[in-house]
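Should a chain be cited, it is by its letter among A, B and C, assigned in written order, with residues numbered from 1 in that chain.
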Amino acid sequence: MKPNILFRKKNDSSVSRREFIGTTGGTLGAAIGISLGVGCSQKDSSNSESTDPAAYPSQPLSVICPWAAGGGTDRLSRFMAEKFSSLLGKPAVVVNRTGGSGAVGHHAGATAEPDGHTIMMATFELSTMRHMGISELSYQDYIPVMQLNADAAALIVKSDAPWNNVDELLETIQSKPGELKMSGTSTGGAWDLARAGFLLAADLPVSSVIWAPTKGSAPSIIELLGGHVDVICCSVPEASSQIEAGELRVLAVMSPERLDEYPDIPTVKEAGVDWEAVGWRGLALPLETPEAIVEKVTATAEEITASDEFKEFMNKNGFAIQLRSGAAFEEFLKSQDAQWKTVIEAAGYAK
Amino acid sequence: MELLDLFSWSILIPWILGMLFGVFVGATPGLTATMAVALIVPFSYHLADTRASLALIIGVSFTAIFAGDIPATLLRIPGTPASAAATLDGHAMAKKGKGTLALLIDLFCSSLGGIVGVAMLVFLAPQLARFALKFSSYEYFWLGTLGLGISSMVSGGAIALGWVSAILGLTLSMVGMDIVSGAQRFTFGSTELMNGIEFIPVMIGLFGISEVLRLLSEWQPGVEERQPSKPSETASPGSFFRNDFREMFRALNIIWKKKWNFLRSSLTGSLIGALPGAGADIAAWGAYGAARKFSKKTESFGTGVEDGVVAPTSANNAAVGGAWIPALVFGIPGDAVTAIVLGAFLVYDIRPGPMLFEQDQGQVQGLFWIALITQFFLIPCGYLGVKFFGWILRARKALVIGAVILFSIVGAYSLRNSLFDVWVMLIFGVIGRFMEIRKAPLAPMILGLILGPMIEENLRTGLIKSSGSWAPFFQRPISLFFVLILGLTLVATGISKIRQLNAKSKP
Amino acid sequence: MQSDLDKSTPSVTPVTGLLFGLALLVVAGVGLLMSSKIQSIGFQDPSDPGPVFFPRTLLSFLGFGGIFETIRHTWRWMNQSQSQANNDALAMNMKYLMVGMGGISALILALPYFGFPLCASLFLVGLSTSLGIQWKPAVIFSLMMTAVIWVIFVWGLQAPLPLGSVW
C-alpha cells in the first residue's frame, strides 16, 4: 500500500522536515505500516475501559473539531492531535463533527466519556451559541484546559477608500446611516457580532450600516475587492496577502493592544471606542474528567505550545498565539460570555 | 524549479501513487475529493522534497473529478456532484455495451480539458481574476439559476418534471440555518438539521440506493446473470491490450470529430470555474446544455450520444484549473478542495495571493508544470481505475448489490460520523426510486440542493445591497447577459417541444 | 436518464402519477404549515424578503404541480379499463425489496450497539444468501468485504466506524 512507501520516506527524510509534522499522518503510518494491533484497538472513545489516571492514555485519543475538514480550526486540531499523539504515545484522530454553527461538535465534546481520551477543540461560538438560542451549551459545560489562539477583529477597507482612520469612518456612518455596506460572515457570525458591538460602543445603532451576509471572510474579501461592499470586518491574517500587496488597508483592530505582528495598526480604543472583540480557539475536556487527567492533558498542551514548532505552525497559518491555561482560560471565557450576551441582546439577535 | 527535475523517482512515485489514490477515492460515492486531499496533506509533510509534496497534493486534487465519472457511467452513481451529467449519455452508452469507449472518451476529454484549464490559468490568470471581481450577488444569482435551469431542462423526461425535481431540491436546501437572517428553518429542533441536509448522503441515496432498490424490485431468483463480458475483457492478455488500444484510437478519433464541442466546453468550463462562487457542477451542466443546443441532433441527447459525453467532462475538468485562478491570484479559495490545498501551500512557504506572481516566478512555474504534467499522468492512472472498476462490476450482481449498499452506508456515515446521515441516505433512496418510477429526472434535484443556498442567498443579499431594488438584477451588463441566455434557452426548449408534439400528432 | 425509455415504453401509469401528485401536495402542505413557525432572529434588513420568502414560493410551486399532477392522473385513471390499472409499475417484486429495505434499516439500527464489523458481515451474508448465493462463498465474501472496508476507512482514511457499545 502506498502509505508504506510514504512512511519509509519519512524515516529517510531530514530531521527538520520530519519534526514538522502537521497532523495525524503518523497515526496512519503507525496503523498500517508498523502494527496492526494499534489499529485493532481503535475504538469509539465513548467505550472506555479504564479511567485510571496513571494509565492515561490507555487508548487512542480523539480531538473533536466542530468545523469542517480544511478550515483553520481543522488545521489547528490536526496539528494538536499529531503532537498529542507523539507526546503521549497513542494515536490521535481528528473527528470533524460539523453542523449547527458549531453546536453539534461542541455538544459531542461536552457529552463525551470524561476519561480524557476525547479532547474538545472549542471555538468562539461557544461564547455566543447559548445567547443566540442555537444551543444550551456554555463554557460551564467543560473544564477549560488551554486557550491556544485569539484573532482580533479588524476593520478593513480598500486602499483607495476615503477613510484614513476609524473616526472618519464613524463620521460617514453617522452622517449617512444605512448607506455603507459591511460584510465578513453570516448574520450573527463572529465578525458580525464584532462590528455590532463596535457600533454599539460608538453609540450608533446596529442598523446604521447594511450587513451583507457572506459565508465567511474569504468571499467578503472578494466582494470588497470588487467594490460591492465598503468595509469588511474580519481578522487581519485572513486578509494578510491583500494587505501586503497594498490592495486593502486596515483602519483599526479590535484588540486590547496593538498586534505584535502589525504594530502600525491602531486599535479602536485609541480612536476612543471602548471595545474589543476576538475570535478564539482552545482545548477543553468534559466536566467529570478526573483532575489527574486534566493535569496531564494541560501539561502536554503546555509542552506543545512552548515548542518552536507550535509557533512556526501558528505563524504560517496566520493564527495569533494567545495562551491561557486553566483558571485564566476560564476567567477569559466568563468575560467573553458576559460581553457577547450584552451585545447579542442589544443588537436584537437574542431569541 | 527545473522541468526535468520533476522526473525523478522520489517525486514520481508519490505523485503517481497519489493520483491512483485520488482515482480510488473519487470513484467511491461518499468519499469526496475534499476528503482525499485533506487526508493526503498530512502525508505530504513526510516527504523530504517539497516538489514531491506539491506533486502529491496537486495530483490528488486533479484526479478526483474524472474518477467521479467512472461510477456515474458504469453504475449511474456519480462519484462527485460534478459527475451528475455523466449519468445521462455516459451511462446510456454503458447500457448499450459501450461503457469502456464512453469512459475512454471521458478520460481523454478530462485530460485535455484539464490542459485547457491549466493553460488558461498560466496565460490569463490575472485578467480572468479581475473579470471575476465584476461578479457580485446579482450575477451569482443568475448563474446559479441558469445552471439549475439548464440541468432541469436537459436531464431527460418532461421539462415540467425536471422543474419539479429542481424545486424539490431547492426546497430541501432551505432546511437548516439561513445565513442571511440567522433563522432556523424546518429543523424541528434537531441539531443535525441545523447545518442543512448534506448533499452527499442525498446524492448517494438518490443515485446509489435507488438503483439498488430497482435491482432488488426486479430481482428474479435463479436467473441471475453475470454482466455480459465483452470479448476484450475475457480474451488473452495480448488481445486484451490490442482491443483496448483500438478502443483508445476510436475514442481519440471521436474527440477529433467533436473538437469544436470539446473546445467550447473546456473554455466554458474554465471560465465558470474561475468564478469564486461557481464550480465544476455548474460548468458541466452549462457545457452540456450548450452542446445540446449547438448539436444538430438535439433530440438524441440523453440516449448515449458522444457529444453528451464530451461536453460535461471536458468542462468539469477545465473548471478545476479555472478554480485555481482566484485561488492563486487573490489567495482566496473558491471551494473546499482548493481551500485545503491553499492551506498546505502555506506550509511549503508558497503564499498564494497578489504577490505570488511578482515574487516567486520559480515556484509558480513549478506549480504550473506539475499541474500540466498531472493531466498527462491522468491518462494511465484513470485507465487503471476504469479497468479496476470494470473488473469489479463483473462480479455476480448479488454481491455487487451488497457491496454498493455497504459502501454507501459507510460513505454517508463517515462524512461527519453521524448515523443521521445514513437515514437521510436511505430515505432519499426510496424517494429517488419513486421519482424514477414517475420518470422524473434526479440530477436537477441534487443540483437544486447544492445550488439552493447560492441562489437564495445571492438574491436576498443582492436585494439588501441594493436597498430592495430589483434593477441591478436586470441592468448590470453581466446579469443581463445571463438573463438573455436563460430566456433564449427557455424559448428554444419550448419551441423544440412544440415541434416534437406536432411531429407526434401528425402521423 | 430515462428519455430513451420515455419514447419506447408507454408512459407512467395513472396510479403512479396520482401518488406522485398526492406526495407533492403533502410535501407542499406540510411545508407551508411549518413555514409559519420560521422566525427570523435578530435584526432583519427591511429590503431582505426574509427567511420565509423562498420556502413559501417554492412550496407553492410544488403545490400547484401536485394539484395539476393529481387532477391529470385522476382523469386518466377514471378513463381507463380495469386490466390496465392492475398492470402498474408500482406492483413490483416486493419480496426482495422488503428484504433489502429491512436489512438496511436493521443494519443502521444495530450499528451503534454491535459495531460495524459484526453487523456488516451479518448483513452481507443475509443479503447475498437470500439473493441466491450459496452460504459458503457468501460468508467468505462478506468477511472479505467487511475487512476491506475497515482497512480502507478506519486505517487508510482515518474515518472511525462504530465498533459497538455493547462490548
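Rule of thumb we're sticking to: a contact is a pair of C-beta atoms (placed from the backbone, for glycine too) under 8 Å apart; a residue touches a chain by one contact, two chains touch by 3 or more.
Note that the structure is a prediction, hence the values are computed from the model and not measured.
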Higher-contact pair (C-beta pairs counted), B-C versus A-C: B-C
Chain separated most widely from subunit B, comparing mean CA positions: A
Inter-centroid spacing, subunit B versus subunit A (mean Cα positions, whole Å): 31
Centroid spacing, where centroids are CA-atom means, of subunit B and subunit C in whole angstrom: 23
Subunit A and subunit C, separation of their C-alpha mean positions in angstrom: 38
Touching two or more other chains - residues of subunit C: 41-42, 45, 158, 160
Touching two or more other chains - residue numbers and ranges from subunit B: 35, 180-182, 417, 464, 467
Residues of subunit A touching at least two other chains: 3, 24, 28, 95, 132, 187-188, 210-211, 349
Residue numbers on subunit A that touch subunit B, as the complex places them: 2-3, 5-7, 9-10, 12-14, 17-18, 20-25, 28-29, 68-71, 74-75, 78, 82, 95-101, 103-104, 107, 132, 134-135, 178, 181, 186-188, 210-215, 218-219, 221-223, 225-229, 241-242, 244-245, 247, 316-318, 349
Subunit C partner contacts - residues on subunit A that touch it in the complex: 1, 3, 24, 27-28, 31-32, 39, 42-44, 46-47, 62, 93-95, 132-133, 187-188, 206-207, 210-211, 347-351
For the subunit B and subunit A complex, residues of the former touching the latter: 10, 13-14, 17-18, 20-21, 34-35, 37-38, 41-43, 45-48, 132-137, 177, 179-182, 191-192, 194-195, 276-277, 326, 330-333, 336-337, 339-340, 343, 346-347, 349, 351-355, 416-418, 457, 461, 464-465, 467
Subunit C to subunit B touching residues, read off their complex: 1-6, 11-12, 16-17, 19-20, 23-24, 27, 31, 34-35, 38-42, 44-51, 53-55, 58-59, 61-62, 65, 89-90, 92-94, 96-97, 99-101, 104-105, 107-108, 111-112, 116, 120, 123-124, 127-128, 131-133, 141-142, 145-146, 149, 153, 157-161
Interface residues, subunit B side, partner subunit C - complex: 25, 31, 35, 39, 76, 87-88, 91-92, 155-157, 160, 163-164, 167-168, 170-171, 174, 178, 180-186, 209, 212-213, 216-222, 224, 302-304, 396, 398-399, 401-403, 405-407, 409-410, 413-414, 417, 419, 422-423, 426, 430, 434-443, 456, 459-460, 463-464, 466-468
